[in-house]
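What follows is a pair of complexes built around chain A, which joins chain B in one and chain C in the other.
Now for the complex of A and B:
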């Protein structure tokens, strides 16, 4: 399997070459598509004039801040619901009523409250990060080996000590998996908000290039967004394995 | 006893939800938050009711549901078919899987401007975006499901001399169906989100467009009514697919 890594490159390379040839032969001045070489040039030009990098920075700031805020809230809620099953069961209906609201549906509310800009985008990203984090952390708490909790009881640890020395370390691998999922989602939501209404970041860059009838720039932004998403995921995956070693292979139960 | 306590907790959690709505009403009534941002639940409810009885909220809801459903259906069929083709062939998997993994984290909404450039601001564009975006979870789940079929089942089919189509239809597809359904469930969420975003950007008639216009003209009760409706829609679709899943996977729980 390892020796066949090049196989993954064959199809993309052929597709890119075909697209290049097709666009050249056609001599197309299309307003919706561009030759791969033109896209590459547009990508380099956007990097050179720092517009792409500024947009990347804005998107990452909004996604990161939203992730931090929503992730932390989700983590705390998940821990609370995980250890106090009474609270969990009493909040069940309320949570189930709020959770299915699609993240983009709260977008107009955030727009109304915060106007355009970072705060609105951060609020929406945070809202969408709370739920996966909460649910996965809660199930991580539920998945802790019961004998560990018996030990904690035998040692007469206080709730706080039990949380700190037993529960959190035992649930950590799954919490990190939850964080990874939330991080991937934060980026998607941030780009979505930018495309829909918010005039900043990569999503807005794609939209502006489209409206300016610059297909090469539009596709360059799109490719870059894809690369960014892939890089964030890869980075988090590596970090997860570094941090946890073999414990990183735990499955996520939903 | 256990049933009794479950019922008690259910009643308790309904009571908590009612209490929270009442709290919302209290906050709104006492103007602790600017009423431009936060109308009380009473005003939101009234807006919802007038929207249905006098306005065309029903038509908008139907437009969104229709869009989402067709896009999701196309995505599910295409995703399952492509996934079956790729997943059942180790050669295709070796050549295509890395590219698919690379494309997976791409936000589906980022393809909207490209779709607009190609298809224009039409309903076809919306459908294409939804179908494309919602296809990914199904496609990847199907490939995964096919790749993790119990190898001994394949050995059995070899011993019985099944054709490839028969192997897929009789063995691989049923045993991958839990994965495929999980992918379809994710795809449904994606479809709802993309319908809303497309309606916002392309101005197609529907709930997404309506809540955005309500926000722009500071009609907060209408906005909240729309958000409540979208939440209900999200809940209803997820409940529907849960039921479908249980029906379809009955054999699986029986086997356990």
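Now for the complex of A and C:
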């Protein structure tokens, strides 16, 4: 670890201490704020009675399944649009019309089709993950060194060989970056759907605590959700470097 | 064209022309490259020398005329016609090691996996890269990277090597070393070579024939036979009166062509 890594912690620690002192001195009865120590206690209590863990599991299942589904669809569409310029041009208007629709706006339709529960949430997460994945994969394909494609032609690689020996490895670093972006989005959308309508997961936990006038528990869920997002990103970042090794840095940095 | 040259022709351009829109790149170019010959093409920038090479490789198709390989019309690239690109840094797969880059040509040809490693090692040894098989291109010097690309082309077991200013980006010492190695490899295998360069001395030093193209549109302006003994020698060959005469002739040609 770099020396001085702790410097980044100085500000949060001071803010937490100030909040603690302020809440104690004031003797707050706020319904939206709670002292950091109370939040920590609420967090531990929610972990102990497994309600937080169950909610985490549900949110991760929905976000993960949606990410896998939408990410895969986005990947395939991106590859298709990237290599078949005719298809890309044919689909351009349709894609540009559907893409800007906020994922939460398709909630009512998804509810009609799937009702409450995992399937509806997964569908919405998938819908929101398709687009960043598709756009970034398509541009990754367009960013492949033309000379490499010429080498593929000169060697008479088959379409399939060209795809998996040249195109995908060349685009892989950017595809991974696209996937990390989609993963962050998946979590955001999952929690949003839970807060808005779906009675499961962390978002629903936040909502229930808020309506039960328990600001400490509500903020505990919030802190936990933040930690979860951070952990998912850190995990993917480590996986990116472990799995790809050298290829992870090739193409992105240059 | 008499029967002798026709039967020996490996690549022939028959009244080739190429235009992008109204801009003529090459006009009415006829050229025959015979088996085992090293033909160098020189010319000022914009004369279409790289385009001519790409047409010989089937990477570009002319608007008019026919490119023939062994008498047959050439319309798509062939595996036995290998192209060495100038920008070796872009033509190699950066995520693959030297050996793995050479292996790409074998994979394309459908060589069984079990044979690939041995052949890659042998080819890398041939271009002087023994012991560097597991290095990545970015860990190697420009000269070494170009050797990888040459090894990959040799893996295609080509009957024709098309070289597009392959040594243009290298320093003078490395370039001379690679020139001699290339000549030795070609002499050993009897490969036919089409070599594009902007270095007039390089053209005379390597070639059996030097073709000078005129620009806008590209067409043949001069054709010189190089009667210098082989094997060539960086010092002796370059001091021969015939070498100096040819260099002078090409120099004058370029000066006129650029006006």
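Keep in mind that, in the parts below, the second predicted complex is superposed on the first by the 243 of 254 C-alpha atoms of A that agree within 3 Å, B and C clash if a C-alpha of one lies under 4 Å from a C-alpha of the other, contacts with A are read in each partner's own complex, and residues count from 1 in each chain.
Throughout what follows, a residue touches a chain if its C-beta (ideal position, glycine included) is under 8 Å from a C-beta of that chain, and two chains touch if they have at least 3 such contacts.
These numbers were taken from a predicted model, which means no experiment stands behind them.
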Q) Now for A:12: first (chain B), second (chain C), both, or neither, which partner does it touch? A) first
Q: Examine A:156 and indicate which partner it touches, taking first as chain B and second as chain C; both and neither are also allowed.
A: second
Q: Look at A:120 in the shared chain and tell me whether it touches chain B only, chain C only, both, or neither; answer first, second, both or neither.
A: neither
Q.
Quick check on the superposed pair: does A:169 touch chain B, chain C, both, or neither? Answer first, second, both or neither.
A. second
Q: Would you sort A:147 into first (chain B), second (chain C), both or neither based on which partner it touches?
A: second
**Q.** Touched partner set for A:93, first chain B, second chain C, both or neither
**A.** first
Q | Comparing the two partners chain B and chain C, which touches a greater set of residues in chain A | A | B
Q | For the chain A and chain C complex, residues of the former touching the latter | A | 145, 147-148, 150-151, 153-157, 161, 165-166, 169-170, 246-247, 250-251
Q. Which residues, counting only chain A, touch chain B once they are in their complex?
A. 1, 4-5, 7-12, 31-33, 89-94, 96-98, 100-109, 111-113, 184, 187-188, 191-192, 195-197, 202-203, 206-207, 209-211, 215, 218-219, 222, 225-226, 229-230, 232-233
Q: Quick one: which bits of chain C touch chain A in the complex? Just the residue numbers, please.
A: 57, 59, 76-79, 82-83, 85, 87, 90-91, 93-95, 104-105, 107-108, 136, 138, 156
Q. Along chain B, where are the residues that touch chain A in the complex?
A. 9-10, 12-14, 16-17, 20, 36-37, 94-99, 102-103, 105-114, 116-118, 189, 192-193, 196-197, 200-201, 208, 211-212, 214-216, 218, 220, 223-224, 226-227, 230-232, 234-235, 238
